[in-house]
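Have a look at these structures, which come just after this line.
What follows is chain A paired twice: with chain B in the first complex and chain C in the second.
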Partner chain A sequence: MNSLLSATEKRFGVGRQQLFIAFLVLPSFVILSGVVFYPFVYNVVLSLGNMNLNRIRDWELIGFRQYVKIFTEPGQPDFYSVFLKTIIWTGVNIVFHVALGVFLALVLNQRLKGKSVFRTVLILPWAIPQYIVALTWRGLFNYEYGAINLIITKYLNLPAVEWLRSPTEAFIACILTNVWLGFPFMMVVALGALQSIPHELYEAADIDGARWHHKLRRITLPLIRPVMVPAITLGVIWTFNNLNIVWLVSNTGEPSDNTHILVSFVFKAAFNFYSFSYASALSMIIFVILLAFTLIFLTKSRATEAAY
Partner chain B sequence: MRMIFCIGAMLGILAGCSPPKSDENRVVIWHQMRPDEQNVLQRQLKRYMESKPGVTVVDLYKETETLRSAYIVASIAGQGPDLVHGPSDPIGIYEATRTIQPLENHLNSDFLTDFDSSAILWYRGHLYQIADKIGNHLALLYNKKFLQRPPTTEKELIEVSKIIQDRHGYTAGRPNVYGLSWNYIEPFFFIPFYTGFGGWVLGPDGVTPTLDNPSMVRALGFIRELRDKHKIVPNEADYEIADALFKDEKTAMLINGDWSWAGYLQGGIDLGVAPLPMITETGKWCAPMTSPKGYSLNVNIDEKKIPLVLDVLRFLLSRENQLETARELTTAPTRKSVYREPEIVQNEILKNSLLQIRRGRSMPVVPEMRAVWDAMRPGYQAVMGGALTAEEAAKQMQRLAVRKIREMNE
Partner chain C sequence: MAVQHKRWSILHKVLSYSVLVVFAGIALFPIWQVVNISLRPGNRLLSTVLEFIPGDATFDNYVRLFTERDFLLWMWNSALVSFAVTVTGVAFASTAGYGFSRFRFLGKKFGLLALLTTQMFPATMLLLPMYIMLINLGLINTYLGIIIVYSATALPFCVWTMKGYYDTIPVSLEEAARIDGCSSFGAFYRVILPLASPALVITALFSFMTAWSEYLVASQILQDTLLWTLPLGLKSFEATMSTEWGMYGAASLIVMVPVVILFLALSRWLVSGLTLGSVKG
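Right after this comes the complex of A and B.
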């Protein structure tokens, strides 16, 4: 073994230390290759092919035809309208997740009686499996027997809403469910960041006569930013790719495939329509969109600079 | 020494990642059976395992859509269960993806003689499925607490529904008991109306969709009228809602399939099952799609394991087990000899179920049917949601079906 290492050392100019590190890294590299790199490369190749139900075993490469089809052929649903819905879905969700999360974190960061109870209750949506949440909310949105319409009609004297029958309302129903599900994550992250801000800063601000909104703008928000920016980035990626809620609340994109976001449409294209290559091309487009967003957002927000 | 330890540990980790070896004494069945069906299956499998020490048979439930897609994906990857159980409609897709294998070389003709011809599914010259139940069909279920005699025409259906609704009163403008309910989401539940108005999903060639025609427009218009004009069906209903309404005695009649009947009986509903009514305008019965429901053999099974898998299959299809299943689930058996049993002959639900099967139409198993379902679903939902007129929906269904079939064959 020693002679082998010496030979490697001489040949490649690497020391025992580096070799040892390489051996430690190798298992994770092999596993990552199997579960990330290989599927990714396979997906790229598949997106350039024509794999569908009839060509599932003897598909061939056809170039960029699937990509051209996505951008030029009006589909059911159409790519551009689904993309727009995905942007709205992600934007609205993230705004509410962050706003609600930070607000509740600020409240919980105060001296409050029964704080631990509130904290536990507020984290509950996050602790319940998404499938259960989605199906429960679907029941709540039922036109005649759902609790939401019962409250609207009985206590607010307003007309019942066709939550799951009309495209816009069904989409709003999905967003409401995901807002409920997603704010605890941002709350927990923000709370952690708030607790790390030194009290001396607030004391100094108090001496200077700063009011609460000055402290929020000049101390709290700048100091939680390094933590919140990566959390928001993650939140955008998760929300953009959140299949479960749309799929289960709208029952596979109902009504009439009008509530799809890109990722649910990819799933439908692959596993309901068996258009595997089309779905792969669509998922590559999603990947590029999210990669571009992450790079731009992290650069513009200078999150890493602030952190280090 | 440290280096050797690391390499050893690494190899150990990698060894843990290798795929498990196929167990020759373990048979796996994937199915989409409902809980009461599962109970019967598991009891039968338990008896089998007791009679064959050392053999394990595992059954695994998957939701209908998941079963189909998961099976295809698993089988293409060289994995999957030994037997897949379900309705016959995905057989065309399984054949196209070469994920199931022909059964004719494994089961001799003596064994097959006793089976009803509709239970043995031949497709493109091969036997791909052998059924333990036939029908898998919709019928008109009614609660005898609300009506003693089921309606036989659509006019009677509307009339009797209104009487029941008026008799039980209204709360905030909503009937306390609806006349009729069914699933507005899945087009499978719409087919009886379409056939009642004289339509059928595929043309004479068996592969061309026929969804844009006066029958479709009339059928879609009719179901809209049931809700918006006659107000005898709920405003919104998927499978679960319709099912819950019937169980809670909030709907007098329900359109549902044979898989659900045993559950209602066990739930204490005074259940009646009747064939779906006739549409007087056309003089045609509302004909549901019928299909066998049975087992297919995974293409990946090891040659050495096939005899054991077939032994399990023969056991599950045995006369005794079929009788037990029919008795407990009131589903139509597939062995002709079982039909002569007194408990089958004298069972009113089974008698009406068999009549409904005779009035039904076989579900096409061609892969194009997949495109037809996917094309019908948005239009059907849009009509019930008020987003499209019947004419627009019919046009959209046809256009989508043609496009999906073209894409499928690209």
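Right after this comes the complex of A and C.
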């Protein structure tokens, strides 16, 4: 580390230092290997077996049959359609989160009276526990008594929407809920990034006669990029893996398992159908997809960053 | 030209405020609905009229929540579990984060990488093996079981946050403490740990919220109604929506207000902790 600490190291003996490191790190290592590494390895093994409710004790390894089953046997629902839904779910959510978040951050980053009040109010959706958000929106989407259909029928004079009853509308309801819940995070991150841009850049641009959209494209967006890229990566992972909203808004994938993204589908397979090995094979597939995405996205964005 | 400029800037202000008002309205809409429902008398729960505050507002639902339901029990259970998870999270993350930040040791790189990778695990990947593990250990329907699962899910993020924060504290402080006669542990405990209190607060808050607001894991592990935490109780109101929707509103307000206040007070730190961790990664 440096000369001083190594001098003390010599005086106290290296053994003591190592004991100290062990004291700091070992407990967490032990815990993490018990509850992260071990389950991970167990999950890999499980995905190669045939465990289900009837075979909790006497299951055996059957190789890659669960994976083959996922990709070839059209289940109810089928893997490819759920995967497609997951992509739509993640894509639509992230686009809205980032677009709304950056837009609101730009609006908030001006000299306006009472903007701290607005900032606080706009963070609220993020601050409320997710399960409460989901259950509340489920109530709002209720066909007869939910506030949303009341507004649609009474104030807009349109026919009531079959939220939560037909597959497409139920899926849209989940997306609307999650868009509402997710934009504040991107807004706060973007706001932090905007505040760190030196003001002189804009003054210089003003002197050069730049219009607002020039400033936005040439100064603001490139400069908040380094902060937004990791935030978006995190956002994609969180959204892709967001079990709470889909599970609770659609009430375990209703109508008849048509409203699933991959994680909620796995949860159903594991805890409602008790097909443990099938579910763990699906978990592995999700993990590999996310890992690949993260690696590709981070290298790609680093590569384009160098071009600036 | 000047007049035109002024007119433009007024228009700009009006537009900005309208955007903010519209979005503030959208953000507040569900919360207003929850308040509204919680104040409705029992016979008007299924009202199809939209009023700002119901004309015959009453606190009945709040009273019934405490007198007719096990709300206090759920709250006590939730508090107990959350407290245990918070203490575990802070204790292990503050020490492990320090180790990762300051020292070189075998498996450090692997450990850090593993911490990051856990963030990409789908929830079920850990949940299912842990569930089977808990069955085999006989820990289903126990607090110990659920505390283990919650701590495990919160710990990677907490260690990562603490490490990121320790990285910003100069090493020279420990050196000075060592010269003044502190032991390694003394330098950590008396000098560095107090300086890291903002990160400790985030770690504590994050662990607490993980446990306080979690429904899905709890629904699998805690099946005995006497062990129910708040999320399970609230969900049970929703199941029979027609009759107990008002109590759901009252309960969710009581549950959410303290968490929301805590969150708002700490949101600035939470984000800086997040970005610090991820940018450095």
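Just so we're on the same page, the second predicted complex is superposed on the first by the 277 of 308 C-alpha atoms of A that agree within 3 Å, B and C clash if a C-alpha of one lies under 4 Å from a C-alpha of the other, contacts with A are read in each partner's own complex, and residues count from 1 in each chain.
Following the convention adopted for this analysis, contacts are C-beta pairs under 8 Å (C-beta built on N, C-alpha and C of every residue); 3 or more make two chains touch, one makes a residue touch a chain.
Note that this is a predicted model, so its numbers are computed, not measured.
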item: Overlay on chain A: chain C relative to chain B, clash or fit; value: clash
item: Which of chain B and chain C A:Leu24 touches, first, second, both or neither; value: both
item: Contacts of A:Gln130 with chain B and chain C, given as first, second, both or neither; value: second
item: Partner chain in contact with A:Ser166 - chain B first, chain C second, else both or neither; value: first
item: Touching partner for A:Gly63 - first (chain B), second (chain C), both, neither; value: neither
item: Partner chain in contact with A:Asn272 - chain B first, chain C second, else both or neither; value: first
item: Touching partner for A:Asn50 - first (chain B), second (chain C), both, neither; value: first
item: First, second, both or neither for A:Tyr38, with chain B first and chain C second; value: second
item: When both partners are placed on the shared chain, which of chain B and chain C touches more of chain A; value: C
item: Touched partner set for A:Pro198, first chain B, second chain C, both or neither; value: neither
item: Which of chain B and chain C A:Val227 touches, first, second, both or neither; value: second
item: Candidates 116-124, 134-142 or 170-178 of chain C: the single one with C-alpha clashes against chain B; value: 134-142
item: Residues on chain A lying within both footprints (that of chain B and that of chain C); value: 1, 5, 20, 23-24, 27, 31, 56, 142, 144-145, 271
item: Residues of chain C defined as touching chain A within the complex; value: 13, 16-17, 19-20, 23-24, 26-31, 33-34, 37, 46-48, 50, 92-93, 95-96, 98-100, 102-105, 107, 111, 114-115, 117-133, 135, 148-149, 151-152, 155-156, 159, 171, 174-175, 178-179, 184-185, 188, 209, 212-216, 220, 231, 234-235, 238, 241, 245, 248, 252, 255-256, 259-260, 263-264, 267, 271-272, 274-275, 278-279, 281
item: Residue numbers on chain B that touch chain A, as the complex places them; value: 2-4, 6-7, 10, 13-14, 17, 65, 69, 72-73, 76, 93, 96-98, 172, 174, 185, 234-236, 238, 241, 367, 370, 374, 377-379, 381-382, 384-388, 400, 403-404, 407-410
item: Touching residues (chain side chain A, partner chain B) in the complex; value: 1, 5, 20, 23-24, 26-27, 30-31, 34, 50, 52-54, 56-57, 76, 142-145, 153, 162, 164-167, 251, 254-258, 271-275, 278
item: List of chain A residues in touch with chain C within their complex; value: 1-2, 4-5, 8, 12, 16-18, 20-21, 23-25, 27-29, 31-32, 35-40, 42-43, 46, 56, 100, 103-104, 107-108, 110, 112, 115, 118, 120-133, 135-140, 142, 144-145, 147, 150-151, 154, 180, 184, 188-189, 192, 226-227, 230-231, 233-234, 237, 241, 243-244, 247-248, 262-263, 266-267, 270-271, 276, 279-280, 282-284, 286-287, 290-291, 294
